[in-house]
Amino acid sequence: MVSWAIIKPISRAILKELGATVLILFIIAFSVFILLFYSPNEDMLTAYLLMISENMPVNEELDLDNIDFTSAFILWITAVLSGNFGLSLSNGLPAMQQSIEFMLNTISLIFFAVLLSLVISLPFSALIIKNNQPITQKILSFGLNCLSFFPLFWLAYLVIFLSGRLFDHFPLVQQSETSGAIFYLLPVILLAIGSGLVLEITQQVSYEVKRVSKEDYIICARAKGASVFRHLFKEGIAFPLLTLLSNRIAYLFGATIIIEQIFNWPGIGRLLWQTTQSRDLPLLLSAVLLTVLVIRIVQFMSRMCYVLINPRASHE
Amino acid sequence: MQKASTQIISILLFLLAAPLTAAPIDEALNAYKQKQYHQAAKVILNSTVNLNALEAKNKLKVAIIFSKNAKLSKDIASKSQTTQQIFLESLLTENDKDKSIFLYLYLTDIYLQLEKYDDAEAQIEQFLSNSSVDVNYKNLAKIYQAWIALRKGKKDEFHTIANDLKDKHLITDMAIGFIQAREKQPIENNESLSNNIKEAFFNNRNVLTTRAGNYALRIFVANHSLEDAREIYNRLTFHAPSYTEKITTNKIINFYESTLADTLHSFYMEYAKNLLHQIKDDKKYGDTATFYLSDLLIFENDEKSANEYSNKVEALRLLPKKQSQLKAVRASTHGFLDGKRSRAYQVWKEAVENDKNDPFISADAVLMCLTVEGNCPTLVQTAQLAAENGKSKRFEELSRNVGRYFLAKNLEDKALRLLEYALDRSDMNSLLANEPILLLNLAEAYRANKKFAKSLQIYFSLGENFPVMRQIQDAVQGEYLFQQRSSGQSNVF
Amino acid sequence: MYFNKLLFNHHRLLVSGIISGFIALCLLSANSIAANGTLYYGESIKPDTLDPYTSREMSSLRLSELIFNGLIGINESQEIVPELAESWEVSTDKKTWIFHLRKNVSWHGKDNKPFNAHDVVFTVNLVKHPKTQSSHKTQFDAFNSVLALDDHTVKFSLTQKSLNSLSLFTFKILPKHKLSRYKYLNKLSSFSNQPIGTGPYSFLSSNTNREITLLANPDYFLGSPKIKKIIMQPFSDKNIMNQALTFNSLDMVVDVDPRHIDELQADSRFSLIGYNTLSYSFFAYNHNNALLNNKLIRQALSYAVNRKQMLKAFYNNNGAIISGPFAPGSWAYNLDVIPLDFDSNKAIALLKQAGLIKTPEGFIDSHGKPVRFNLKVPIEKNNESNKKIVLAYKNYLNKIGIEINLVFLEKKSWKKAIFAQHDFDITFATWAFDDASDIDDIFHSRYNTAWQNNFISYNNPKVDQLLGLALASTDHQEKRTINHKLHEILAEDSPYTFLWSLTRFAAYTNKLKNIQIHPYKFFENAHLWEFK
Amino acid sequence: MELITLCYATLVLLTVCTFYLCASFGFLPHDPEDLALDQILAAPLNTEYLLGTDYMGRDVLTRLMLGTEAYFLPGLLAVSLAITLGSILGAMTIFFTRNGKRIINLLNNCLQSMPRLVILFLVIAIFEPEIYLIMLIIGISHIPSVARIVNNRVNVLKEKSFINSAIASGLPIHTIMFKHILWFNCRGILAAQASLIMTEAILMETSLSYLGFGVQEPASSWGNMIQAGANYMLQGEIWSSTIPAIAVMLVLSALYLLTHLFINKLDKQ
């Protein structure tokens, strides 16, 4: 039985978020395009515009060599809206399709990293909650903290160095044919620990659970002998996790740039880096837009989950 | 008190004496350890140290340095003959009017050493048919003719040609003396020739050309007047051409003294043998000295003393551990030179088969077979297998010697493979830290496999330590020039 | 080692516990292990383009060796071997060459278009087009005209005869049917990224990592290649590339970093093989700068640099210091020219002689401005030995009182600044040559326009004249003499500070056999390589 | 406990300040440009070089001291930019209509949905990789988030009708804005925010150094020291990168502890 009371706030939130997402995508596209339009490499822009205008009904008189900003932007945005992101300048494949391919690799990396952080940090926070000694707690979390304060790439080098000494054969590099899961090992561990995800989850969850369990109604319920687990899970674990995820997702994408660079991981971060280096405009633009889109989707989803669990939140 | 004062005095004496005797030898040993053998010898010979007055220990050190140089010079000499032959022949075959007539003369020289007398004769006649040559060179050509006659066994013809020369200069006489010294003939007018040389170059400070230096050094060595030879050595330039011909403004050919390396070999050899003879009865170092002496005798393929030394080597006692393990192989090698060949093959074979883990005895057996120019295909095959399968640094010497053996037998690709193995096994972090003889053979193997750039690269590095290498470098450059086929591209790396 | 033990004797259990738990998790979804028959090799420089003409980097030239063929080829023992041409004739004046082409050769791709004489003619005209930007154009200047006599015969006439005329025909042939809509070659054309050739390997795919997959061409006319697939993986981090090799993720590394040589040499699983000895590094001085146009100043800069020390510290003495514009492995190197020794006093004296004034703060020029040069260097994450050299150079010059302003540029902008705009004072680079040792395009004043190799705008009539003579000479010894003279003049004139020549090393696993590496083309006979 | 953390944090930050002062007055143990090419990658705790030498034979300690300038000053720039502009913008929201706040929210959302490194890439691709420019971008990109936090605080204050009563009591607007809102009520938050931004700026510079676009040599920064040393790490020469990495860790942990102190204080308020 679906009641109007649930549907209404959710649909309202969906509409609100969708509107915001579209607006944000537009703003980012616009500002990126400004940056690129005024960059010194005009010939690249011309080549790019030429390419996207090839299979489009464009005004024949448009002079692509001396195009002004508005018409260039309109040209680009119409092309993008019709799904035409152009072909990559460096390998001639459709740009968006490639970006999606790379994005999937990154998403799997991030997914596993989040999973791993949960696997590590939930038991850990349980441990903290259970023996309620502030000193050990602080020292433990401070130690974890220190790990995430080391520069990520240095940590990666250290792990590679040590794993090389420890295990004789340690597959470091993903080969396109043999995407065996073992290649995920180091990058995922590093992403989880080095970017501070483990630490933050531990802190947030233990803090929130403790806070919630001190609330009056929980104490009350406990006294009555009712099960408080559902509530505790909702308030103490699910909410902080969702907030954290939507706040940190952009940062995680940033961290993958370094990780992917080190492990030669064919992901979107590396793609972004390489396309800025090679000035491969079509690919760069589609990769940036895709990244923003994915981040927005993740934020959107977590918001939806939040609203689903707690319909009152849609008002905020 | 007394003890202290004697100590102080002895220290003072040591400090005073040290710069006079020990310092150059230490410096030389240092260079020797860094495999700069030429530098080591040069330091000793340039210093004021009287080698005959040294203690036995230092004499041994110096003798080892010299014998190393002697062996290397021999190898350089043989490599330079082959490379120069190829280069000069390809110059000869190039269809062009601007050809140098001196080509014929220098080619004769090479052919003579390679014992191709008919070719040599043909070349020298070509040279003499040209009328516009300076009289000195004409005389030289005639001397070469005489030399060919001598090699063919006609002693009288040699003398008649030598005596009939007109407009003789000192250099002509030196050339005749040089040939007699090389052929181990008694040198005519020995006394006066030596005196003339000394007068011309020692007192008057005339410039010693490479050619004159080469001749003089050989003559003095043949006379056993080592101190004079040393004087000549100190003034020698090792890397200069002995003749530069400018054919047009844009075409210059350099000709190098092809026998210089060989002369150096004889010089070092004589010196080393001399020193070793002096200490071979020493109580402490006598046995080691005898061992090294026997080593040199094997290297020279000396058959006369082979019998005597084959027993002597067996009886040596006070040897370093490594050398004493080599006694059997060395004694049998002397036996080989004495005619007991099958016995020697047997001993070598056993050495190779029995010693697979630490292969320095088998490496020595292969070296012996190579040195006495024996034919031991099965032995080398076993050694080759061991060398290819062995991974550690100890296999460097074995691979090197097997590679050298193949190179000597003209199996260039096999040789290159094994020498590259040797380089790989040696694990040195810079090229020049390797044994020069390995590098020299490797460079030659590269050249023979037409990998000229690599060959030249090694020669270039070696040339810094061994200036006499220059003649090979020039010839390899020349051969490369004729063989290169590319069209000319340059890229940013 | 001490550090390892300390750390791991105690924590090993914990760490391996966590890791093995995770491995178990991962293995649930593990795929198959690498199929043998694929050769992975690592490069540190991503190729710009894949056609053989528009790029100027070794990495793409190596690839083009796999994809394309010339009419003839040169094997690693310097012999001319027929490739697309079966046989050839030459007129008596050596100016007209007629090539009979191989029949039954087809281009890669599903349509199997046959290769014919028109492709050859098309290629020559395409590269000769004035708008084509290629550093290979000098080679094509020698062709006067080219004509297809029939489908399998081509006639070339040359402008002048030269010593190695035959070698001109090693240029790679491009397919006419793919490029017919282009008038000239452009880096941005789709062909440059998805090339089609006749060679032993055909281009399969390239992803944005520029990981390039090549597939064996079973119909290759010199026999089907033994290795089914070759995959080129670019690494932005040389340390990781080396690790990938030692952990068996790669089968071959094309250019081993000097600091890994010792490590790989000691490892019996790998073979190290040296190649391209014909290359050298240098600091180049822009002659458009009024000060650097002065020979004395350039000489002074060369004197001020202690090359021996740098070679020892950075390369462990694995290289040779050179004195002039040729590598010591080349036939043209003049052994009589001795490299300048490090002598800072002489450098200072020369600077004073050139009219600069020494003050306690450093040198100033006649207008009282401090002498200050911009040294532009590409940021190459993977080649940090370059950075060391540049820093040491700056340090040496600071010591004699000349200020160097280091400008690190991103690689693309560096190329543009150096080769196109000539906007720099000093730069550091490395040339790689083939064995013709032809420096015509580097020092001839004719080649000082954009994207040509004389980017320092060197102009010396005497050098120009000698270069012309060397090009036209048909006498081997004469050619050598001229080059020796050039060496002498250029060493004296110091348009560059010539540094050293290093051997490049490739490393490969011992699982591979029949490996022969061509001294400067690398993959020349890759179709014979195989796995054990 | 608090005392210990406070001591630790001040000690670390004081050391950094001393380093900076020493570097700017030229009190350095070695000449930073002096290359000892025969002493490359010397281990720490030797007689001549306390913390060893780097890959060019330069003294690590000297470069560590010198590096504070290029490493922290740009970061401070980013922080001060973000904090001043962000807090002013946030405080001014009292005059804003609902839409004004929405714009701030939207901007913040925009910046939150784009990895900051990507923004930096775009800027680097177009302009030169200059550290101050990079830090300017970092600073600017943090303005909306600071503004939003201040705005939230202002909203809370508004609910307590704190501001309205202040305006009613006739205080001038700027006094209310700076003194009452920002100083009395936001200083803890702002300080925490500042140290967060600083942390991010530092890590960002280090990451960019790895990609080759941080502070360029020969100027030293801790980031490029770690990067250069890391090249030798896999050969077992771990010290020249570990020392600056540890230094970074110490500073960041000090900042982290300070932040927590502020936040705790705030909680108690």
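As written, the chains take the letters A, B, C and D, and residue 1 is the first residue of each chain.
Rule of thumb we're sticking to: a residue touches a chain if its C-beta (ideal position, glycine included) is under 8 Å from a C-beta of that chain, and two chains touch if they have at least 3 such contacts.
Keep in mind that what you see is a predicted model, and the values were worked out from it rather than measured.
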| item | value |
| --- | --- |
| Chain pair with the greatest number of C-beta contact pairs | B-C |
| Centroid spacing, where centroids are CA-atom means, of chain A and chain C in whole angstrom | 40 |
| Where chain B and chain D are represented by their mean Cα positions, the distance between them in whole Å | 70 |
| Averaged-CA centre spacing for the pair chain D and chain C, given as whole angstrom | 42 |
| Between chain A and chain B, centroid-to-centroid distance (C-alpha), Å | 72 |
| Multi-chain contact sites of chain A, meaning residues that touch two or more partners | 157, 160, 164, 261, 277, 279 |
| Junction residues of chain D - those touching two or more other chains | 124-125, 211, 230, 233-234, 236, 238 |
| For chain C, residues that touch 2 or more chains besides their own | 239, 243, 410 |
| Pairs of chains in contact (touch as defined earlier), listed by label | A-C, A-D, B-C, C-D |
| Chain D to chain C touching residues, read off their complex | 33-35, 37-38, 40, 55-57, 124-125, 128-129, 211-213, 216-218, 228, 230-236, 238 |
| Chain C-touching residues of chain A, taken from the complex the two chains share | 47, 87-93, 98, 101-102, 116, 120, 157, 160, 162, 164-166, 169-173, 175-182, 184-185, 188-189, 261-264, 266, 270-271, 274-275, 277-280, 283 |
| Chain A residues touching chain D - in the complex, by the definition given at the top | 20, 23-24, 27-28, 32, 35-36, 38-40, 134-135, 138, 142, 145-146, 149-154, 157-158, 160-161, 164, 247, 250-251, 253-254, 257-258, 261, 269, 272-273, 276-277, 279, 288, 291-292, 295-296, 299 |
| Interfacial residue positions of chain C with respect to chain A in the complex | 4, 7-8, 12, 15-16, 18-19, 22-23, 26-35, 38, 40, 46, 188, 190, 193-194, 206-211, 213, 231, 233, 235-237, 239-240, 243-244, 246-250, 410-412 |
| Interface residues, chain B side, partner chain C - complex | 90-91, 94, 96, 98, 239, 247-248, 250-253, 391, 424, 427, 429-432, 449-457, 460-461, 463, 470, 473-474, 477-478, 480-493 |
